[in-house]
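Order as written gives the chain letters A, B and C; numbering starts at 1 within each chain.
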Amino acid sequence: MDGYTISVLSNIGLFAFLAISAWILLIAGEISFGQQAYFAIGAYSGGIATAVWQWPFAAGVVIAVALGAAVGALVAWPTMRLSGLHYAIATLAFAELTRASLNVFTYRRDIEGFATGPDGANGFGDIRWVYEAGIEPGAYLAIIAGCLGAVIGLVALMSYGRGMARLRIVGEDPILAAMQGLSVTRTKIAAASLAGGIAALGGALYAHLATYIEPAQFSVMTGVHALAYGLIGGLGTVLGPILGVLIDIGLLESLRVFAGYRMIVFGGLVVLVLIVRPRGLLDEPTMRRVQAWLRR
Amino acid sequence: MIDFVQNTLDGLAIGSAYGLLALGFTLIFGVMRRLNMAFGPSILVGIFAGAWLHSHWSAGMIPVFLATLAGAVIASAYVERLSFAAIRGDAALASMASSFALWMQLEEAVARVFPQRTYAFPTFEGLPMLELGPLFLRPEYLVMFLTAAALVAGLQVILTRTLFGLHLRTLSDNREAARVSGVNVAQVALLTFLLAAAIGGVAGFLIAATDGQISTKLGMWATMKGLIAMVIGGLGSMRGALIGGLALGVVEAQAQWYLGASGREITTFALLFVALILLPVGLAGGAETGARAEAGRRL
Amino acid sequence: MAAALEIAGLSLRFGGLTALNALDLALKPGEAIGLIGPNGSGKTSLFNVLTGHHAPDAGSVRLDGNETAGLPPPRIAALGVARTFQNLRLLRRLSVYENLRAARHARAPWREALWQTPAARRREQDAMISLLALFGLASKTHEMPEALTLVEMRQLEIARVLAAAPKLVLLDEPAAGMTPAETDRIIRAIAEHLLPGRSAIVIEHKVQLVTALCPRIAVLDAGRKIADGPAAAVLGQGEVRRSYFGAASC
C-alpha cells in the first residue's frame, strides 16, 4: 500500500468511530449533534497521557475511553429526560462548550526541554509516542483497524445478546419499552456512555496519528457529519455508519475527479438516497432480507 | 453600570436579528415538525447574490436587498422540494439529514463561485451615530431593531388576517385537523418555507449590512443562532422565538464585554446547556409545549 | 383470601376533565373481570394508571399488597403487570420474534445484554417459537409486523403478554375490528392460554367476548363505576343498558 492509500484508510477508520458513536444514539432514539466532544476528550486525554505524563500508549487509550464513557454517562444523566430536539441542542451546547473550554485550556509541562501540552487555541502538538516507538503508518493502520474491529465485535455481541434489542426497543417506542419493564433512562444513559467511549477511542487514536490537535477541529461540522454518515449508510446495522464514511471519505475524497466538488456531489447523492430510503442504504428491511438469505 | 446598559442595548439590536432567524426556524418547525438545517445556508445564498450584484453592478441598497431575498427564497424552495416535500411524512430524521446534505451543497457551491475568504457588502453609509445621554446606538442597530419590529408586526397581520395565515396556524396546531378541514397541506408548507426564507433573508441582509463584509461561515452561523434562539425561547412558539433571540443577543453582548471572545462562547453554551436542563419548555413556552409533545403519545 | 388487586378511591384528571372519579375495584386472585362502558368513560385511562403511564391524582392501587400508584412503569411491570393496547403497539422495525422477545429483556440479568450463552439463546428461541405456535404465528417468526393481519397483530400482543409471565393481565379491546369468527378464535386463545392462574381485566365492547371470558362485569361511565357484579345481572340492569347500549352503537 502506498502512503496515500494508508492515510485515506486511516481517516476512514477514525471517522468510523465517530459515526458509530452517533449511530448508537440514533438507535437508542436520540439525535446527538455533539459526539465530536467525546472525540476531543479522547484526543486530549490520550495525548496528555502519553505526551505530558509519558504514559505508554495503551494506558493513554484506556484512560481516554474511560473518560469518554464517564463523561458520556454524566452528560446523559440530566439530559435524557429532554425529548427529541431539546436533547439534540443540549448535546450541541455541551460539545461547543467543550470546544470553547479547550480554547482556554492550557496545561504545559517541560518535557525534555520543550514545553509540551495543550495550549488553548494554539492547539496541542508533539503527541509523538507512536513515532518515537517507531510504528510505521501501515502498522498504525492495523492498530486502528484492530480497535474498529473490536468495536464492531462489541456491537455484534450486543446484537447476539440483548443489548442491541434493548436499545432498539427503547429507541423506537420508549412508552412500550417502559411497560415491558425496561428502564428507558438507564438504557439511554448506558447507550450514551458506550457512544462516548467509542468516540473517545477514535479521538485518542486520531491524536496519535495527527500528532497535532486543536479545538477548532472538533466543531459542530464534524459532529453533524458523523450523524449524517449513519443516516446515509443505514440504521439497520453497525456497518451502516461505516458505509457512510466509506462513501464520503473513501469514494469522493479519494476520487480526485471530484476535487473541489466533493460536497456538491456527496450532498446530491445523500439527498437522492434519503428520498428513496429514509433510513439509509442498509436500513432495517434490507438487513432482514440479508438475514433471511443467510438463514436459508 | 453604563457599560451594562450599553451592552444590553447593543445585545437587543443583534438579538432582534437572532429573533428573526429563530422566527424563520419556528415557522418551518411548526408546520413541518422537522428541522431545516439548510436554513442558514439558504440565507447565505441570498447574501452572496446581493454581494455579487453589489460588486459587479455597484447596485444600491434596495436592489441588493431584493437580490438577497430572492436568493434566499429560491434556495429555500430548492431545499423544500428535495428535503421535505420529497421525503415521506414519518421520516423526520431523513429530512434533517437531507437538509444537512443540502447545507453542504449550498455552502460549497457558494464557496466555488466566491473563492475569497471575505467579500464586501454594502453598508448603511452616512447615518449618524445616535446619542442617548451617555449611551450610543449605532444607526445600523436602530435599523435592525426597527426592521425586525416591523417584520414581526407584518407577520402578525399575515397570520391573523389572511386565509394563508389561518391555514398555517391550523397546520401548526394539528396536522390531522388541518387535513380534514381541507387545508392544502403541501401548498401551505411550501409557502411557509418561502415566508420563513424571506424573514431569514431580511435578517441575513441586516447582519451583513451591519458588518460590511461576509464569508461562507455565515450559513452555519445563522443556522446555529436561529436554532439556539428558538430552543431557548420555547419550541414552536413565535413569541418565544423573539424572546429567545433577544435573550441570546443580550447574554452574548454582556459576556463579550466582560469576559472576551472565548469567555462569551463558554458562557453562552454553558447557559444554554443549563437552561435546557432546568427549563426545557423555554422562556416563553408554557405547558402547551409539553402538551403538544405528549399529544402524539395517547395510548 | 387477600385481593390480588385492590383499587381504592382512584381519581385521574386531565386539566378540567375527570377521566377517573373515585374508583373502587377489587379482584380476587385468578379472577377475570370484564370492564365495559361508553367511549371516553375512562377504561383505557384506568389501564394507563395501573401500568404507571399516568400517576393518579388521588387514590391507591395495591397489587398483592404492594402500593403501585405513582410508581414508574418498569417497576410496575416488574411486579407482574402486562397489557395489550387498544390501538396496537408493535415495534414496526423489529421482527415478530423480536417483538415477542421484548417482553423478556427486563427480567434477564444485565450481563446478557452483552453475552447470552448459545444454550440460553436456543432455550429462549424454543420457548418463544412455541408461544407463537400457540397462536398460529410460528410461520411468521421472522416477518415484520406489517406483514401480519389485524387478528395476527392482536394475537402477537397477547402472546407478548404471555411471554412476560405476568400475574395481572390487562386486555384493552382484544377483539376490536374482528369478525365474529375471529372473535371466537381470540376468545378461545385467551381462555386457554392467558387466563388460567392469572387475574385479568378485559375491556371490551363485544358482549360476546366479555360474557364468554368474564363471570363478573364492572361498568364505567364518565370515570365512575356504575355497576359491578355477576355478568348476567349487570347486563340486565336498566341503567347499564341506557348508559352503555344507548351510547355505543356496537
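Just so it is clear, contacts are C-beta pairs under 8 Å (C-beta built on N, C-alpha and C of every residue); 3 or more make two chains touch, one makes a residue touch a chain.
Treat the numbers as computed from the prediction; the structure is a model and nothing was measured.
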Per-chain Cα centre nearest the global Cα centre, belonging to chain: A
Pair of chains joined by the greatest number of C-beta pairs in contact: A-B
Chain whose mean Cα position lies farthest from subunit C: B
Inter-centroid spacing, subunit C versus subunit A (mean Cα positions, whole Å): 42
Chain centre separation (subunit B, subunit C; CA means) in Å: 48
Distance from the mean Cα position of subunit B to that of subunit A, given in whole angstrom: 30
Multi-partner residues of subunit A (each touching 2 or more other chains): 175
Residues of subunit C engaged with two or more neighbouring chains: 53, 89
Subunit B: positions in contact with at least two other chains: 299
Complex contacts: residues of subunit C adjacent to subunit A: 51-53, 72-74, 77-78, 82-83, 89, 91-95, 98, 101-103, 105-108, 112-116, 121, 142, 144, 164
Subunit A - residues contacting subunit C, complex: 154, 157-158, 160-163, 165-166, 168-169, 172-173, 175-184, 284-285, 288, 291-292, 295
Residues of subunit B that touch subunit A when the two form their complex: 29, 35, 37, 82-83, 86-88, 91, 93-98, 100-105, 107-109, 112, 220, 224, 227-228, 231, 235, 262, 265-266, 269-270, 272-273, 276-277, 280, 293, 297, 299
Subunit A to subunit B touching residues, read off their complex: 26, 31, 78-79, 81-86, 88-90, 92-94, 96-97, 99-101, 103-104, 120-121, 175, 220-221, 224, 227-228, 231-232, 260-264, 266-271, 274-275, 278-279
